[in-house]
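Here come two complexes built around chain A, the first alongside chain B, the second alongside chain C.
Presenting the complex of A and B:
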């Protein structure tokens, strides 16, 4: 299950952060997302470790904690997408697929002429779309 | 999902935008009008860059980003690539489009064209035509600047129309 997703701007400013847990642990999840930004930076500055393809947008598993796995994705425009999940066996393909759809939703949201670049995304459509993507995450592997 | 845009609509929209700013909102202040049109282009370019770079790896240097603008970005926007790219390897790039789509259907105001072609007035008419065309180039300049800025390359973009219908965009990257 996905615990939290986040979109972080190029100056490490949060653009969108949403947790999907019942418990009151939003702060903890935000902390995890915050910590992951350092790992993203490290990956980008030391590209050797960032997997087979150089400069790929998908950064893979950033770091595992006791209860969560944190995945990252960095676009050409230096916008970061972070995924925090509680599943322990996650397929890479699922995560890639998730980020692709998440990115597409983000692109549509910022293409709204009323959206101010660099400001938080307040669009309800975007929130709804993200929660649909989150709900459908991993369904293909489970079924 | 491919979406299509009517070319004549875009042409009309661009022409109307330029004429609104030049003749109505900021009449007699061509510089201000130019800046405003450029700002609209900037926003458009900013958003397009995000969309068109979605499925590709990140760029490792400036040249790669400029090449992306010349090839993929230009193809998406104008259905053709930039014809010639020159650089001095010190942060200045010249992107030449031999038949720039947005100038292809432009004609000069007949009231200027029909005046007696004595030496003086024809020079004046030419000057006016160049000026009018220049107004229409703020928008594409803004698009390029917006796209590059979003890719992390702050720059200044200007256009050169000394040999029409070719059009050159000069990109100066800020160090």
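Presenting the complex of A and C:
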């Protein structure tokens, strides 16, 4: 079950935050996303091994908290995607697939000439596509 | 791959130039507006291309991003590779093209001086570089060539200070090894001489 997804701009400003569970406190999810930004910064600035890691977009599991797992993805323009999920066993391939489709939806939203880069994403189409991707993520990992 | 007709684009571009011409008073303002229009295109092109063509990789080196602009961006935008690279200074990179696609149906009146509608393309390049984290000043110039009727267009890319510093830091691993090797051989030679 995905708890929330977030798109953070290159100055660490939130561009899109959407939570998908009614039970949990939205503020707590915001806080988790905010804390994960520190981990992203650390990964970007201190690569463990040089070469391939410098160029990877998918950052993997950032850190596990009490009952959440947080995954990160960094695009070429320093825009970060954060995924918070409550699943206990999530396959790496599923998360990569999710981020790939999420990146496609993001690129389409940004290509909108009426979208101002740096401002929040207000497109309804983007919100619909994201919720579709989230729904199919749950199904594919359960099946 | 979706193809757009050249004439349709030429119409659109000429309208863009004419619209901006009615809004400004002087040439440099017009150039700046065209560049800003290109900047918006460049930022979006970068996002799109990184997702579609580049897979899961980012560019962190200067030569990497330059070759990305030269090959991938040019191929997607203009359909062919006619760009040639040239280097002059430490922080300046030039690439020249026989004739920019956007300038194909444009002739500049004499009283406009050195104005070049290639400012739009310069804006695109600046948008791509800026989005990828390499702030630069990009301009387009006409360079008259002997023996050819129309001058070539040159795109001049001048990177900001911080980019050069970062590049020096990233590239210095190889460089320090090289320097150490040179010093080692020099010391060796000196000892042999003394003995």
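Note that in this section the second predicted complex is superposed on the first by the 134 of 143 C-alpha atoms of A that agree within 3 Å, B and C clash if a C-alpha of one lies under 4 Å from a C-alpha of the other, contacts with A are read in each partner's own complex, and residues count from 1 in each chain.
Keep this in mind: contacts are C-beta pairs under 8 Å (C-beta built on N, C-alpha and C of every residue); 3 or more make two chains touch, one makes a residue touch a chain.
From a predicted model like this one, the values you see are computed outputs, not experimental measurements.
Partners chain B and chain C, brought together by superposition on chain A, clash. Contact with both chain B and chain C is seen for A:78 once the two complexes are overlaid on the shared chain.
In the superposition on chain A, A:110 makes contact with both chain B and chain C.
Applying the stated contact rule after C-alpha superposition, one finds that A:57 touches each of chain B and chain C.
In the superposition on the C-alpha atoms of chain A, the part of chain A touched by chain B in one complex and by chain C in the other spans residues 54-57, 74-78, 103-104, 106-107, 110-111, 113, 117.
Taken in their complex, chain C has these residues touching chain A: 40, 43-44, 46-48, 50-52, 54, 56-60, 131-133. For chain A in complex with chain B, the touching residues are 10, 53-57, 74-79, 100, 103-104, 106-107, 110-111, 113, 117.
Chain B makes touch with chain A in their complex at residues 43, 46-47, 49-51, 53-60, 150-152. Contacts from chain A toward chain C in the complex involve residues 54-58, 74-78, 103-104, 106-107, 110-111, 113, 117.
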